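One structure is given here, and the rest of the page talks about it.
Lettered A, B, C and D in written order, each chain numbered from 1.
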């Protein structure tokens, strides 16, 4: 996996495995992209007036996930407080977005796929936090 | 002020004043830009080996401030948990960046200006949190 | 102006004035924020079905303007081809967004303010391109 | 593939295949993340004074690739001029970053991996442009 190879080639690469961080990097990048796609698909639905809160949470979630991937890409020197705070915030944001997308999952496939993706990302946030030093 | 006018023209504009949010929007946008400029200026210094941690924190701080401006620009529906979390994280990130920039402020004007900007943004985060519903 | 001070404190600061770049930095940051606010305000309007294309262009414009401020913040070494290309793209994006916002300006103050901001940013892109080496 | 499923679930999904856009979405997201990781790894090298231009191009390339993924995620209504311009700019930026990373590929594995990733993304930009309506 490229993310793993990049971390291993870093002069400050941790000696212990960082599988949890690598998995989160990839989940968060996928989640950001899925949320952006869901926001745009919601906007194209006839039912858009019922989906405005979903669009808003999609956009918040995309921004938070994207910033998490940026912060986790940097392993030079310690900045674990900020990284930990961002992972916690990402878990909360993904769960809120998943809850809202779930409300529309029966009618819109994009909302169902997005809810699933947000749940996976939130779960990986929780797992990574447990292994986080 | 344009940020204030934009919020006032929003259908869900709050009836009470939102001066604290508008001020934070502008401080965070300024701080993001200043941190990016400081990172690039540090990279151009002969003393770059002593400034790598500063560059890293500058980049983290720019990403966090930028995302805060994105989240605060959205006032449709309630998402105050995520906004509050992001403001707290921004205060922490700005303070860490200011501490590191301060260590180089005597030698590099860009670090001194950046430290001051980060302190102002962190302070506005704290003020805004107190008024945040 | 802080943007000007930050550029002047850069080891590679150009000897000739860079007023056009500083003005563009500030216009693009303002435009990004205004477009995000307009997208969220449009989403809150009862007339949202008529505003979906406006929301989409607002979001594109915010992303492009934000990236322009990131690229222009870096003056270490030459990368003028990419900067020039990004300024041209920003002018085009702002003009398209302004055209769409103008169509709703009579009904929505946020669209009128956003159209004006996009026009100013596009115009500053054109001015800056003429002085760009 | 999730990106393909999300596009297919969009009310405005094109009837013809969009494989080239889906592949570019994924390449650009990977490239953004790889460039951020390479910038941070370069910063941690003892040879950082020789790598400052590489770091700068890494950061530019990450920003441009990330914005491309944002623009390509939106398929509501036509905005092909901006998308086409962004793909062309991304190809140029990736090629410049790859050229610089190649200069350090023999000494730093992260630069070799990043150069390869940037070349793949640039190539996919060129392929996608040919199929782009």
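By definition in this document, a residue touches a chain if its C-beta (ideal position, glycine included) is under 8 Å from a C-beta of that chain, and two chains touch if they have at least 3 such contacts.
For clarity, every value in this text was computed on a predicted model and none was experimentally measured.
Student: Report which of B-C and C-D is connected by more C-beta pairs in contact.
Tutor: Of B-C and C-D, it is B-C that has more C-beta pairs in contact.
Student: What chain lies farthest away from chain B once each centre is taken as the mean of the Cα atoms?
Tutor: Ranked by distance of C-alpha centres from chain B, the top chain is D.
Student: Could you please state the distance in Å, as a whole number, between where the Cα atoms of chain C are centred and where those of chain D are centred?
Tutor: Centre separation, chain C to chain D: 22 Å.
Student: Considering chain B alone, which of its residues make contact with at least two other chains?
Tutor: Residues 40, 43-44, 46, 52, 56, 59, 66, 70, 74, 76 of chain B touch two or more partner chains.
Student: Touching chain A in the complex: which residues of chain C?
Tutor: 40, 43-44, 46, 48-49, 52, 55-56, 59
Student: What residues of chain D sit close enough to touch chain A in their complex?
Tutor: It comes out as residues 2-3, 5-7, 9-12, 25, 29-30, 33-34, 36-38, 40-41, 43-46, 66, 69-70, 73-76, 108-110, 113-114, 117.
Student: Going by the contact rule set out above, which residues of chain A touch chain B in the complex?
Tutor: 52-53, 56-57, 59-60, 63-64, 66-67, 70-71, 74, 76-77, 79, 81-82, 85-86, 88-89, 92-93, 96
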